[in-house]
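Here come two complexes built around chain A, the first alongside chain B, the second alongside chain C.
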Partner chain A sequence: MRASITRGPILEILILIVILAIIPLALMGNAYYELLAATVVLFSSMVVAWNIIGGYAGQLDLGAYAYMGVGGIVTAELWMKAGIPPLLGIFVGGAVSALIAILIGIPTFRFGIKEVWYALLTAALVVIFNNISRLLMGPFDYYLPPTTGFVYLKFNSYVIVYAIAASFLIIAFLVNFFVERSKMGYYFKAIREDELAAEMVGIDTRRYKLYALLLYSFLLGVMGYIYIVIAASYSYRIFDSSASLSIAIMGIIGGLGSVEGGIISSMVLRSLGEYFRSTFGSSLPGLDLLLYGAVLILIGIFQPEGISSLINKLLKRKG
Partner chain B sequence: MISPSLVLQNTIDGVFLGLFYSLVAMGLALIFGVMDIINFAHGDLLMLAAYFVWLTSADLSVDPTVTALLLVPLFFLIGLSIHYSMIQPVLGKEPLIQIAVTVGLGLILQNIALAIFKAEPKAVAYSLFSFSYSIGPITLYASKLFIAVVSIVTLYVLNLFLNRTFLGLAMKSTADNREVAQLMGINAKRLYALTFGLGTALIALSASLWMTFGQVQPYLGTSFSLISWVIVAMGGLGGVTGVLYSGIIVGLAESLGSLFLTPSARMAVVYIVFFLVLWFRPRGLFGRR
Partner chain C sequence: MSSELSLANVTAGYGEFVILHSVSLEVPQKKITALVGPNGAGKTTTLKTIMGMTRLREGNILFEGEDITKLPTYRRVELGISLIPEGRGLFPSLTVRENLVIGAYTKKAREKIHESMEIAFSIFPKLKQRLEQKAGTLSGGEAQMLAIARGLMSRPKVLLLDEPSQGLAPVVVMELFQAIKKLNDELGITVLLVEQHVKESLELAEMAYVMEQGSIVMKGRGSELLADPSLKKAYLVY
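Right after this comes the complex of A and B.
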C-alpha cells in the first residue's frame, strides 16, 4: 500500500528544504502572506506527525488539537506564571502532552479499543479537554507578553515564525524517516495491516501502539506553542474538534503512510482553503471545508490509497 | 446549594432527553449493525432534516410535528440515493475509507447549510406543544414530554417490526451473522438499501421532534453524531432495548452534569462516561460483537 514518490530519501529532504526556503522569497515580504505560509506549514507538520500514529500504526486518531493544545498552553503558562522561557518550555509542553496521551493510551490499548471506537474516543477527548479547560480558564482569551527574543520563540518578523514552523516540518519529516526505517516502523505497519497477525508473530502490539502515540503526541505538544504564537492568543477554543478532524483528513487524502502525500495534500488544500476563505469568506463561508468534503468523497470512492499512489501511477505512465 | 427538587427536575429532563437521543441513535445502530457501515454523517442528516422542518413549518405555517408526514418518506428517498451513490461503493471497505466518505458527506452538508442559511440558529416560532405544566416545584414542558412519548412509541413499533416482520427479521439476522443470513437467501443488496433508507427516515422523524423546542444551525450535526455513536458504543448491538437504556444514561449524564458542574461542561461528563464504558465494558453495557 505504501508508496514513495521519489526514491532517494536524502533527495526528498533536500527538495523539501529548498521548497521551504523558496516560499518566503516568493512572498516578497508581505507580512500577511508570511503569516499564512507559517500557518500552512505548521498545519503540514501536524499532518506529518499524525502520519506516525495514523499512517504507519493505522490508528485513526482524531485528537490532534487535544495534544497540541495541552503542549501549547503548558508552554505559555510556564512562561507567564513561572518565567520559564518557551525555548525550554516547549519540551516540557511536549512531555506533558505525551504523558497525558500515554495515561489515556494505556487503558485504551489494554482493552483493545481500535478502529471506529479509537476514532470516537480521541474525538471525544478533544471535547473533554475543551470543556475542562473552559472550566479552569474561563471563556477568556489569554495574550502572550509582547516580549520578543529567541528564548521566547517570539519575533517581530513573521519570516522567522515561518522558519520555525518550517523547521518543525523538517524535524517531523526526519522523525518519520527514522521511524519508517527502524524495526519499530515495520512493527507499526504490521499492526496497521493486520493487528491479530502482528500479535501472532510476537509483536507486542500494545507497546508499539503506545510508542506511536508517544512520538505523535510529543511532536504535537512541542508544536502547540508556535500555534499560539501565530494566533497571538489562546483560550479553551484551541481544543477544536473539526480542526483535529481536518488533520486526519489530510493524512487520508495524502495516503496512509506517505509523508510526501500528506505534505502535498495539506499544503495544497490548506492554501486553497485559505485562498477561498480570504476571497469568498464573506459571501460563501465554508467553501474551503466544502472542498475538503468533496475531495474526501472522491478519494474514498475512487482512490482509497490517497493521492500519493495517484501521483505514482501518473509518473509511471509517463516513465 | 442544589435543592432536591432541582435534582428531580433535571433527572426528569434527562430521561426525556435520553429517550429522544435513543431515537436519534436508533437509525445509526440499525445502519451500523446491519450493514457494518461507519456513518459519521448521521448527525448532519439530522441537521439537514431540521432545516427542512424549519422551512416547511415556516412557509406552510404548519406545526413542526406535522412536517414528519412529509419528511419521513422524503428522507427515506434521500437515504436511498445517498446509499446508492456513496455507501454502496465503500461497503466492506476498511473503516477508514468509510469514515472518509461519510465525513466528506457531513462536511458538504454542513457547509451547504452554512452558505444557504448562514450561521445564526433558526427556530420554529411556535408549536402545538409550547406550553408547560407545573406540579409543585417541577415544571413539565409539553414539548419534551411529547418527544419522549413519540420516541418511546416509535422504538416500540420498531422493536415489533424487527421481531415480527420478515424484513425486520432479515435485518436482525444479518446484524447477527451476515454470512449465514445470506446463505439463508436474504438479498443483502436490497436489504442494505432499505436499512439505510429506514435509518435516514428515522432521522427525519427525530428532526421534526427536535424542532418543537430546539434550534438548528449548520454545526448541529457534529454533537448529534458523536452522541449517537456514544449510545451505539454503549448499547452495542443489544437491539432496541440496549439503545434505549444507553440513550437514557447519556441524557441523564448530560442533564445532571450541567446541574452539578456547569452547562458548558455537560458534554465532558457524557464523554467521560463514554471513556469509562469503553475501557471497562469494551463490549458495551448491553452486549456488542
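Right after this comes the complex of A and C.
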C-alpha cells in the first residue's frame, strides 16, 4: 500500500506522456484531427488546473474562461501592440490573470462567500468580462499575425501546437502532484471537507483559498494564448460561460481531487462532444451539451464520487 | 491561582441573536475547569466566542493577561488556544496522519511536529495503529481521541473541549476522562471542559461554572458544586 503511494504518480506521469505521444501517431497526419486533439488536450489541462481550486480546495469555481481569456488576450495584445514575443508574454498573461483573481478573491473570501454563492459569483465573472471586453474590443475578431516560430508559440504544423497543449497538461499535472503532497494540499483538503473545522484547527482559510485561486488562475492565464492559437483569432466571445461550466462539470464527473479522473472524463467526453458536434451539429445542435448533462446525471446516480472511484473499484477487483 | 484565560462581561451571539449575556468566567492556569448546564444554555457559544467565531458585542477576552478580543481565530490558535468542537470536526476522508499534520498548522507547531505526535501517542496509544486509516472509519471513541490529539498538535496552552463524551459508551467515556486528566497532569495543559456528564466533570474539575440561558448562574470549586443540593436536584437525578 505504501509503496504504491510513492510509485504511483511517477508511473502515472509516464503513462500520461506515452498516451499523449501516441495520440498524434494514431491521427496519421490528418490536420483536422490534430487540431481537434490539441483542443481536447488543452481543455483537459484546464480541467486539471481547475482541480486545484475545485477538487482540492472545494471551491465550486465556474469562472475558468474568465482567467483563461484574460491571460490569452493580454499575451496576444502584448505581441501585437508591444512586440513582446508570446513565449514571454504567456507568463505576463498568467500573472495578470492571477492578479485579477487575487483582487477578486480577497474581498470574496474576506466576506465569506462560499458554496453556491461562490459558484454564482464566478459564473457572473465570465459574463462581466464578456461584456467589458465587448465594450473595449468591439464585436470584431482579432487575428494573430501570420508569423510562425518558437518564440511566438505559433507553428505551421498542428502537431507542434498539440505538443504545446500536451506539455501544458503535463505541467498542470505536475503542479497538482506537488500540491497533493505538500502541506498546502492537506490544508486545501481540510477546507474542502469542513471549512469551519479547518478554521478551528488554526488554518488561515482565507489565505489558503487565495493560494488555490492563485495557482489555478495563473495556469489558466498561461494556457489562454494557446487557446487563441488553436482558434487563430480572438474576440469577446472567448469569455464563454457554458464552456466555463463544462470545465467544472468535467472536474466533478472525474471525481473531486482526482487528476486522473478529470483527465479521463474531459478527454473522453470532449472528444465525444466534438464528434457529435461535427456529425449532428447541423441537424441536432446542442447534442454535445446534452451528452455532458446525461453523463453528469448518470454519474450523480451511480457513481457520486466520480470516475476516479470507479477506476479504484475496478483496480481493487483485479488485485 | 492565576487565571490563564478569562472572559469579562461578554455579550455575544450570532448575527442579530444575542446568546450570551454578560458572561464572566475565569479559567485558572494548568487546572481543569468545567462548564456545565442544560442544552441551549450557551456553552458551545461560550467556547466559540473564546475562539472568535461569534459576534461579540460587549466585553473582553483576556489570554495570559493580554486582550485577544479583536484577534482572528487563527491568531488565537497561534497564541495557544485550541478548540475540540462538538461532533469532533475531523476531516473524514483524510487519514489519521493527515488529520494530525493539519493540526500542527502554526509555524511553531510545525517545527515540533514529530515530538507532538509522540506526545499525542503517549496519551492515546491506540491512534498509532490507525495512522493510515481514514478518519471517517474510526469508532466514536477513537474519533474523539483523534480530535483531541489533533488539538494537541498545535501545542496549546489551553484546550477547550466541547462535549467530548457525546455519543460514547460509558466505558469509553471513563477512558476519555482519564485521558483528559492525564494530559492536564502530565502535559500541564489548561482545560476548559463543556459537558453533559455533570457528575463526572465536576469530580474532575478544580473549578466549575453552571450556565443557564446565556448567563453564569453558579460557580465554585468542583467538589463544592457537587455537594450543592440545588444543583444536585437540577442535574444529578439519574
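The definition used in the following text is that the second predicted complex is superposed on the first by the 312 of 319 C-alpha atoms of A that agree within 3 Å, B and C clash if a C-alpha of one lies under 4 Å from a C-alpha of the other, contacts with A are read in each partner's own complex, and residues count from 1 in each chain.
Methods note: a residue touches a chain if its C-beta (ideal position, glycine included) is under 8 Å from a C-beta of that chain, and two chains touch if they have at least 3 such contacts.
All values reported here derive from a predicted model rather than from experimental measurement.
S.K.: Looking at the overlay, what does A:V127 touch: chain B (first), chain C (second), both, or neither?
M.R.: First partner only.
S.K.: Mind working out whether A:E115 is in touch with chain B, chain C, both or neither, as first, second, both or neither?
M.R.: first
S.K.: With both complexes overlaid on chain A, does A:A294 touch chain B (first), chain C (second), both or neither?
M.R.: first
S.K.: For A:F150, is the partner it touches chain B (first), chain C (second), both, or none of the two (neither)?
M.R.: neither
S.K.: Determine, for the superposed model, which of the two partners chain B and chain C contacts more residues of chain A.
M.R.: For chain A, the partner with the higher number of touched residues is B.
S.K.: Between chain B (first) and chain C (second), which does A:F140 come into contact with in this model arrangement: first, second, both, or neither?
M.R.: It touches nothing on chain B or chain C.
S.K.: Once the shared chain is lined up, is A:A190 touching chain B (first), chain C (second), both, or neither of them?
M.R.: second
S.K.: For chain A, what residues appear in both contact lists, the one with chain B and the one with chain C?
M.R.: The answer is that chain A has no such residue.
S.K.: Spell out the part of chain B that touches chain A in their complex, as residue ranges.
M.R.: Contacts found on chain B: 38, 86, 89-90, 93-101, 103-108, 110-112, 114-115, 119, 218, 222, 226, 229-230, 233, 261-262, 264-268, 271-272, 274-275, 278-280, 282.
S.K.: Sort out for me which residues of chain C touch chain A in the complex.
M.R.: 51, 53, 73-74, 77-78, 82-83, 85, 89-94, 98, 101-103, 105-106, 110, 132, 150, 154
S.K.: In the complex, go through chain A and note every residue touching chain B.
M.R.: Listed in rising order, the residues are 58, 60, 104, 107-108, 111-113, 115-117, 119-121, 123-125, 127-128, 130-132, 134-135, 241-242, 245, 249, 252-253, 256, 284-287, 289-290, 292-297, 299-301, 304.
S.K.: Enumerate the contact residues on chain A facing chain C in the complex.
M.R.: Counting only chain A, the residues touching chain C are 1-2, 183, 186-187, 189-190, 193-194, 196-205.
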